[in-house]
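Dumping the structure here so I can ask a few things about it.
For reference, chains read A, B, C and D in written order, and residue numbers begin at 1 within each chain.
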Amino acid sequence: MAAINIDHYLLLSAVLFCIGVAGVLFRRNAIVIFMCIELMLNSVNLLLTSFSNQHNDPSGQIFVFFIMAVAAAEVAVGLAILVMIYRNAKSVDIDFFNKLKE
Amino acid sequence: MDLIISLIPLLPLAGFILIGVLNKKLPKGMVGIISNTTVLSSFIISFYLFLSFIKGADSYSTELFPWINAGGLHLGLSFMVDHLTAVMLLVITGVGFLIHVYSIGYMQHDEDYPRFMSYLNLFVFFMLLLVMGSNYVVMFAGWEGVGLCSYLLIGFWFKNTDYNNAGRKAFVMNRIGDFGFLLGMFLIYQTFSSLDYKEVFEAAKNYPKGDPTITAITLLLFVGAVGKSAQIPLYTWLPDAMAGPTPVSALIHAATMVTAGVYMVIRSNVLYMLSPFSGEVVAFIGMITALMAATIGLKQNDIKKVLAYSTVSQLGFMFVALGVGAYTTGLFHVVTHAFFKALLFLCAGSVIHAMGGEQDIRRMGGLKKYLPVTHITFLMGVLAISGIPLFSGFFSKDEILAATWVHSPLMFVVMAFTSLLTAVYMFRLYWLTFHGDFRGTHHQQEHLHESPSVMTAPLMVLAILSVIGGFMGMPHWMSEKLGVHHVFNEFVAPVIYSPKEFILSHTFDFSLLIGTIVALAAVYYFTRKMYVADKVVPEEDSETKSFQKVLANKYYVDEIYDAVIRKPLDAISEMFYKIFDINIIDGIVNGIPKVTNLTASAARMLQTGRLGIYLVVMVIGVIYLFAFKLLL
Amino acid sequence: MNTIVILSVTGIAAMMSDVFKLKKALFGLSLLGLLIALVFSVYDWGQYATYFNQMVLTDNYAVVFTTMLIGITFLWFLMSKDFFSSHSSASEHYALILFSLTGGVMMTNFSDLTILFLGLEILSIALYILAGSDKGNLFSNEASLKYFMIGSFATGFLLFGIALIYGATSSFNLQEISAYVQQHNGSLPMYFYAGILMILTGLTFKVSAVPFHFWAPDVYDGSPTLVTTYMLSVVKMAAFAALYRLFIYCFAPVYEFWIPVFAIMSAVTMLLGNITAVYQKSLKRMLAYSSIAHAGYMLMALASPGGTSRSALMFYLLAYAISTLGVFNVLYQVHKVTGREEIKSVKGLFRKNPFAAIMLTLCMLSMAGIPPVAGFFGKYYMFVSTLNGGLTWLVLIAVLSSLIGVYFYFKVIIAAFQEPELENTAYYRQPSDLTVLYICGILSLLLGILPQFVAGLL
Amino acid sequence: MVFLSIPADYIPIAIMFVVAIGFVVTTIFVTHLLGPKRKSEIKLDTFECGIESQSNARLPFSIKYFLIAILFVLFDVEVIFMYPWAVNFLKLGLTGFIEMLLFVSLLMVGFIYIIRKGALKWE
């Protein structure tokens, strides 16, 4: 079997990231979009861990911890915002919200 | 001594702040006193400086504090007074002061009297900043400042939207000019890596004549001058600026704003000397403007509009002088013009005051007996501006004509003709306003009264100045006879880089003199005949027939006069005013915002408010970013 | 570092003050905390110290920007006293503002991508909530949703970029990265450059540069006026401080790579911002677009790095923030009284309060960049440093677009001097409501007269 | 560092798969084989019991669950910062311990805030 080197991980996480981006672009449900963003972040985590493994340098993994913590905070805030919006608008379809324009 | 000069601008500023902050808490008398004393004291200082220059001082300069320090560019908020500045100072503070005095009487009853006076002070301050700065940035600060003030003052009666629009128009037009000025500044900085007059001019002297960069700079600067000094094509704001109170018009037209462009060109004469092409452009634009404005002036029936167009025309004269390289002459005309134009406007003001706000000369006439002082002083102004020999206007115009003759006889012919037109429309104005019988309502007739002395006093002073003002620059033949030299030229000479000599054969001078006298006499006779003896009144815009009535009882000469001169002139005047002035220029000016609006509405199409679209566009942006980098 | 600690402690204290029934002390406490933080940050002047094993770096650049951030926030607090005290969950809002300020300060002090990321997130997450702090209002909800979605989306890009940079240089530390780049310049893997672009995307989103600006007008328009003020003044300042620091301190060796990007971005941004602003009827939205335009001018500093661009950026940000505070103070009061935010709703300001009108005019002139007010020198320094950078075409575009700017800034000035439409307009309940406006107007004038004293700092 | 992959490395995984699948399959079969087969009417009838369902199963549940879920996520995630600390516990020594105490106390403050705000009160 061929050697799995860093480029494979790079490719994998890039693909994951793009899937996340695509999801953000093509889904209309705010919660799903939100999950896709989380997917993007996770692809970054994967990339960082593999890099830190490559460099034998733990700081990359520590950074991953920070990303996780921050992501959690974002989840909390994001869900809170979504709940607030659902209460007022009874919808989480992002295209429902286009009052602000021009 | 060097420090004192910084007082000259700071005093009016102090006046502005004091009045502006206390505004209505101050008693009206107090307001008048503050605003006037500040300007008066800066006038006294300027006069003191002037004397010291006569004694042979070279130049004063002082730096209040380092202002800008960026990219190897070190500029201070620094003032400099040399001979050129000294002259401008005298004009600004002197005439400015008289206008201040006049305003006490004129604006007394306006509810916003304090605001008005504070604006006047601010205006004077910025103008002083403009002429006293020792580098282009300070000049630009003043430049923008007067623009702002003129905007504030033209739109002074802000309840009226038209006035506001006039103010906006003035501001936008000036901005177009400023754009050129700004670019010119940047180009100067890029070329000489400095903006200080001394350094720039020293460096410029090493450049060859007709160097393209210098030409570009001078042209850009001239764009600024065109905007500020109301030349073609950016002049229409000036007539509109009549919306402001009359003292403002006097201030804008005579002492301060419009002369800024002329001053700037004279200040940069080193650069203009180096670029003959720009000189040609300046002269040409000036000539066209002078001719066109004069023709338009022939047909105006609003007393202030006539004066406004005459200002544009006179400015054209100045630029012609500058264009052909007669800088001192141009400055000379600035000074004399300041005298008689201020006088004329203030007289107009007092007429309007007496007529209860009426500005249409067709409603006036025969005011001679009601407003004796105004009448006499106005007459002086008319004689001066029409260049009657021995009145101030004569000397400066004579010089300009001489200079143009040396430069190109064709231009001389045009300018001579234009100055004849000047006489025509000024006399027309004079006769229609002060002679014949009164054409206004009875109500107005009962209330006709001479203005209070606080208003007439400045008129007299200005009248005297407009009469004798010219003798500081007597033509060669005359000065030889009297053994006095051309005081003015000698005084200003130090600031001019390699001044040209425009000495003419005395025969030519005399023939010019004779020609002037004859022509003016003719003008005097015909206009008088027409507007007084025959009581011709310009036809109402509505009725067209009345023109034939005029022809009815005419002498043979009159018909020739009509056929050969008047009709064509009317036609041209009409054409310029109607087509050029109104449609094209205003069209352009109003067009600019329209275009921007269109673009804006196009741009906001993207702003759909849909989050999904935003995200897509954002990603597309990223993709473009990558593509862009990959392609490079 | 002390500053960061003090600010976060103040934030926590503000947060807890509610649960311990100390709401009265809230305002004074926050101001006090800000003042102490201000003192400490000024005290760091002239030092060069690193903390948290080289993750935080305090140098003069950091000090100047930190001080500016805290000072502006202080003014902001003065201006928005009643807004939060009237609100039910006041203490949370104070706390959030203080936290986001902490994040902003971290963004100016960072010398490690970790801190940059954390600072950015602390700043942003607090703002996501604040944008929606007007819970019942659908506009506010929408603003917060948009801000949150696009914000976290951009964060994803930023993080991916950081990861790539880390992969290429095996470090998060700015000095080490730049050293590594210096060494291996030319032999760097392709994904290093991709990383730069990704980070650029993530950060230029925060400063609302075209084409990542779409969120800006909607969010600024929808959020409560005072939050918008905070975003425009403090957040923009912090974001630019971070952007400039990152690219100048870290990616300087490969500047040929990113300079053209910033140059083009800045040109497009200023043009689009100004042109679109012309169209707006609502003063708030107009200012939102003008803020985009200003971001364009500020980007010029990154298009011509080195030289005086640093002080130019600093001065421009300061001038802009001050004038913004002033204008928004008026806008907020007008909104409180009339409930409207159109340009024409400032009509009659002169009648009611001439001094305020003049001060507003000063702020507007400063925004338009007309001498002798601060804004002119902001633009002037920027243009000069860009000229020295050799980007004449960019300066030309900038001058042109600033001409467009004059047109709509003067709409406001004219309105302020016209007669009021509704007769009951009382534009300020007590005079103290416009204190910040006065301060800002006078500051702009002072900065215009003596710019050297501030611009000389960096 | 390159991750070499020799088939041998995967043998344990393979075995695990085999075992797992085998277990499932065998259990299914064995039950069929061992179980006794008696067929009767009742057994073959369709089996009915319980009460009719009232409404949609997707009831809007109380916001409290949601709130607690969010809070759980937050506090749960914070724990990850303890892993690196725990790993180098001895190396970090006292300072590390104090720093961790600081960290935890900050979490504590947050916790107190939540309680005082009544976020965990059920009624």
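The working rule: a contact is a pair of C-beta atoms (placed from the backbone, for glycine too) under 8 Å apart; a residue touches a chain by one contact, two chains touch by 3 or more.
Everything quoted here is computed from the prediction, not taken from an experiment.
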Exercise for review: Go through C-D and B-C and name the pair with more C-beta contacts between its chains.
Suggested key: B-C
Check your understanding: How far is the middle of chain B from the middle of chain C, if each middle is the mean of its Cα atoms, in Å?
Key -> 43
Check your understanding: Where the centres are mean C-alpha positions, what is the separation of chain B from chain D, in Å?
Key -> 85
Check your understanding: Taking each chain's centre as the mean of its CA atoms, how far is chain A from chain D in angstrom?
Key -> 21
Review point. Which chain A residues reach two or more other chains?
Key: 21, 24, 54, 62, 73, 80, 94, 97-102
Point to revise | Residue numbers of chain D (touch at least two other chains) | key: none
Exercise for review: Note the residues in chain C that touch 2 or more other chains, in rising order.
Suggested key: 145-146, 149, 153, 217-218, 279
Check your understanding: Considering only which chains touch which, how would you classify the arrangement: line, ring, star, complete or other?
Key -> other
Check your understanding: Which part of chain A faces chain C closely enough to touch in the complex?
Key -> 6, 10, 13, 17, 20-21, 24, 30, 33-34, 37, 40-41, 43-44, 47-48, 51-52, 54-55, 57, 59-60, 62-63, 66-67, 70, 73-74, 77-78, 80-82, 84-85, 88-89, 94, 97-102
Check your understanding: How about chain A: which of its residues touch chain B in the complex?
Key -> 21, 24-25, 28, 94-95, 97-102
Revision key, fill the gap. Residue positions on chain D within touch of chain C in the complex are 106, 109, 112-113, 116-117
Review point. Tell me, which parts of chain C touch chain B in their complex?
Key: 145-146, 149-150, 153-154, 157, 193-194, 197-198, 200-201, 205, 210-212, 214-215, 217-218, 257, 260-261, 264, 272, 275-279, 307-308, 311-312, 350, 354-355, 358, 365, 370-372, 377, 380-381, 383-385, 387-388, 392, 395-396, 399-400, 403-404, 406-407, 410, 414, 417-419, 449-452, 455-456
Review point. Which residues, counting only chain A, touch chain D once they are in their complex?
Key: 1, 3-5, 53-54, 56, 58, 62, 65, 68-69, 72-73, 75-76, 79-80, 83
